[in-house]
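Chain nomenclature is as follows: A, B, C, D, E and F, assigned in order of appearance, with residue numbering initiated at 1 for each chain independently.
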């Protein structure tokens, strides 16, 4: 067995080294996933300390010190990780370490400035969750136990980094949320205010999706692309739908395609499969094998 | 950057303090999520020590000591957490600490007494899983590796606390199970004996659902509400369906509405979308764009 | 409360002991789930050290030592766990410890030998992911953050043990991946080269499924059985479909039944529910309540 | 063996319960030694963050947050422990919890106020160590690696609590330092400025010792009592010597007795055994079986 | 550097293997020091749970479960370690594993039976400490913070194993206590009741020492051998002194030699160096370069 | 209390910042003590893997991988720490980071090369311990449980770094050993082969001490300086004695002064206080208040 262990170790080791040398696309990155998840944990503890940091006494200086310690920690770790990730940024992959560090620090500075606004957005999302779910008994319950809230919180954090063109890190963050919640929101998706996802498992929201204000989604909803046959040649194009304001999409509905627009105020019933636009104010459901689209009488 | 850190810390800190002071609904709770998950971990280790506590020798006093230590721990921690949660209970939010502690201790006493019965129920669920899945090779495999079993185990624990009107804690427990398994069972759901969920990801079972004995569900099944437009005004009403005895519901079927009753012995095919009641003994499937409902010839 | 604790402890303890004595099917196993997950963690760290072991310098001897240490550890722990699991193997449950150890060592030897080939397969899966998803920016991103990649990695590991007839352990491994990713692939499934699952939540692939090369699946796809009414009597029979080469199956489609064959090059649209075979080169979609099956004009 | 375990557990348990009930002097205290050591660790990290907290950038806000977090933590934990310890204080053992808490908070407030002064004293001790030891290469080396410095740091902390009549906790602190350094300074000892102990192992400084400024001790020095035959009847009386300013006491010398005064500027050679007072400015050494006491010609 | 690492690793590895093969005295043992220290930690937590296990409520069943869990753990771990250590026992080094296990279990059985008696002895030692030290304020303080008490507690535990001829383990235990306390008591030493060591650092008590009841020692006392020139040829012979009942030995005194007997009731002053016997009731001190031995007038 | 915490934090923070800015001698170093102790732990695990790494099977490749992993780790961490420490080296404090790194790497290279020789030296020390102590039952016992062996092991490691003029780190290493063992050997001391310290507590060996081969020391022995009145002006001069070959020094003896030479083969009795040279072959003891120096008749 000792020989086997030695042989297999040598074999895989040689292959790792070769992959590393032969290709810029394989095994050359040194991001630290645990560090990135640690950054996320600190961020949610800063944003909602009573729920994610077990802070017992919100009105005290000790909380402030705790928050400051966490934020300093976020700044240090995130700067390091962004600097590494910039090795994959087309404009920075050939720059030296100092230039990458300068740019990483600039990015982290903008990111930190955005945190108070993220908290304001999330408070509106909590309000939307409370208003939208009869089972919700308090704002605290939303923050403590709704997976959809955790997913949108991570998306709002990761989306800021995505807009700043940080490679890889936003995806690692949202995939962590995906693993915890079953909700897969690409960091590129633009999402309006008062957003609420109930239950959440199986929700997929693609990279180029645009979502308006006061939108409510249920479990299993896909906001996706029509076909991926083009593969990498489709990179950068709008491939996912646009959802207007005040739209509700019930469970397991699919809305696909970059030219599909769901108008303001629409209600999409469960299991609908939609690949073309719907005018504002419509209610869409399945009936006799076809989508029924009729004006919504509230 | 130091100034930024200080500024953002001050900003968010002030907002947390303000939220805390201004509203009874924000940030005033001090539940400890990690403690609640620790309670769950101890409970499953007590219920099935060979599988969740790595106990090597089930027939020995050392196991008994281990179980007793865990149960003592559960009693202490759960009493503390219930006492905190009662701050959100309408009858106890204005009571003093001593009265809350007395009530918390009474609740925990009843809860502890229910554990042997919970184990008996779970043994029947294991039997149902073994009988219902040709891929299952032993009872142990069900306990060790079926996410549906873990989800129903947590539900049966949390449901006892829900019936005792403990705020928040049952939901934190079931959302922990949701995160691990993709199965979202509200602690309010009433579930009969010999219950089995296969694969499980995406299953949603709403708060006021009632499920009979010997029911089998597959992945993606929703037992949900018809519309949530009423929001908080719907709180407390029956919004989710009633499922009879001996019903099988295949993958991704949706059964919605508080007045929808699925009769005893029905079989619901995959992807069916049902919003009205079905008589006992029917087999429901999709055909030519409509649901086909015919008597089941076994 | 002390009396309650003592009473309940005695009650459950007695029941555990009785279950253990009365039945070969209850509580007699002593597998260590944490150890099995630790084995998995070491294996993925060996296969892709830059991404799962935070190894910073892939071209160095220190990496080799690290890999060798991990592999030695895997060999020791896995041999122990396989030896325990063989108590449930029909040919070994009545053998003595020495014979079980000999067989466990033989199994682990074959398993270790298969690791370099597993890495080659996984490199092809990464290539398939990169080619198939316009949102993917690099191979590294696939390895770091695609849940479908993690799921197939664990499947390829567990499948080797499944073929060697190791009881229980392969399922514990794939259920760990299921919990992290929402993708439920039974270790028995046979999966070809260049396999890619996008988003992944809700995917279910049954025990006797056979999948060809260059197949792409989206979230919520079920490759399942038609009916489980037969329960344990169906054990060992083909119950799940055969998927040809170059097939794409979009989100939430279900393909069911052991005699269902999807021909090479087919494209299955989202939400299709298929229970009979499809000829090669077809495009299947829903239309007016029926499946539309037409030749695919690429 | 199971019976043995049960029998011995019952036996010792019964004895613990009996000791607890029968006597106010046995097993009724609930201090948490680990918590007290954690308080010490936080205190030294606050006083010298670059050396005991691994803080890398002393001039930054993040350090301030870190220090504030630690100090808040010290306040909470120390208040709890002091409150418990007051059960053994003659004036507070019969008071209720609220009165104990009030007094504990008052004590901790005074203690916290004393920390800046403790740091100033310790900076002088560092200077004394650097000036007094030719082997010392920097102030940092004193702080990082001199056991005598750690022992005096803990003594200066514990002495403040001792003067505030906190039971037990000061001793637990100094015994922790004793265990780490071999230097046993009773928290009651009064020690002047610019104090230095070199090597330190075996040094014992008794409860009622008084030490002047600029005193230097070497390993194995005992400043102790003459006889302990009186036992508890001696409690509270001066039993240990008075050491003047600018005294140096070389290794393994013993100075004993509550009426023994070593005058300013004396030098005591190694191994001297002194039980009566020495006038200022003397040099004491052993010679021909007797102490030689002669004026010191510097 | 990589080559250096590889070269040095190979070099030392080869030497370790060679030492292992060439000699029965080198590197062939597989005792686990951390496990042995863990056993000690559990034992002191069983003996004095309020002080070493942070048990908050001594009069409850949860304490009993906790103690039982710890004792079961001790039995398992100690049996394993004793079995390994028996490879060095002259009567068992050539026996098979089963015989070693049988003997290990017999040893551990006797050891467990001795624990209640050890607790009774230790309670007398606590009484002796309280009576003998005016600085002691309670029994609890002795248990919590006197290093001499910890040292005698470990000695009384290790001595039982020593008498049962367990190789190595007793020494590893007493050296752990030595490291924590500076008190080095060989597990072979026989020590009577009501034993007290004050301060403790530097105390050495040799393997063949015999100590009576009510003996009190101070820091730096050596009860040692006269000459070690004979080396291994002296193994097994009485080499250390006999101390009678009611003897007090003050700090840094040395009493050497296997034929040296200190009679009952003697008082030995600090720094005395004694190599021959002293009659009962004497007071020994230094004077004019010689020992002064006079009757003690109490 | 919040105000107090804030005030004291601000006060100490300001003082730390000021100390840092005002002086090159205060708080500017960023060594990581825990990292240095981690390096030591890895080194002793490489040198004696069966005793300090719990390696169960010394003759296997897995051990080699483990050793290589540890050594790689040592190289990385030690290079970092040496680079930091060079900020205090007179020749490197004004150099840039790259030059410090180059020099650190050169130092670590030499250090690594010395490890096999250190192991050879230590094997001789083990032999000396076994031959010299009748209580020692095996070589393993020496390695497992003799504090003197641990102290000399750390000294031999730290001495190599001291000779390479690494600031601070050697002292932090030996003070760690001092804390564990009570044996204080300055890393500058030169120590010959076959060195043995029995019991060890209280031994002090000064920076400029030179010790020959086959020397044996007992607890409490001081090899120290005569006077430290000169303070820093004495830096670099010989201040401690020279001990010849084959010398035995019994407990608590003190040998002081840089011009004091103890000749080959001398035997120094316990408690002797020696400040001038002794010719070879002498036996020194106390008698009638004076040292008796007579030829040793073996």
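In the analysis below, a residue touches a chain if its C-beta (ideal position, glycine included) is under 8 Å from a C-beta of that chain, and two chains touch if they have at least 3 such contacts.
This is a predicted model, so every value here is computed, not measured.
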What pair in A-D, E-F or D-E shares over half of its contact pairs, by residue number, with C-F?
A-D
Since chain B and chain C are copies that touch, is their contact same (over half of the numbers shared) or different (under half)?
different
At the largest C-alpha centroid distance from chain B we find chain F
Roughly how far is chain B from chain E, centre to centre by C-alpha average, rounded to an integer in Å?
54
Quick one: which residues in chain E touch 2 or more of the other chains?
5-6, 9, 60-62, 64-65, 67-68, 71-72, 75, 182, 201-202, 220, 252, 271, 288-290
Residue ranges of chain E touching chain B (in the complex, touch as defined)
60-62, 64-69, 71-73, 75-76
Flag every residue of chain C that touches chain A in the complex, lowest number first.
46-51, 54, 56, 58-59, 63-64, 67-68, 71-72, 75, 105, 108-109, 112-113, 115-116, 119, 123, 130-141, 144-147, 180-182, 198-202, 216, 218-220, 248, 251-252, 270-271, 286-290, 298
Interfacial residue positions of chain A with respect to chain C in the complex:
1, 4-6, 8-13, 15-17, 19-21, 23, 25-34, 88, 167-168, 171-172, 175, 178-179, 182, 184, 186, 188, 201-202, 204, 206-207, 220, 222, 224-225, 228-237, 239, 252, 254, 256, 271, 273, 288-290
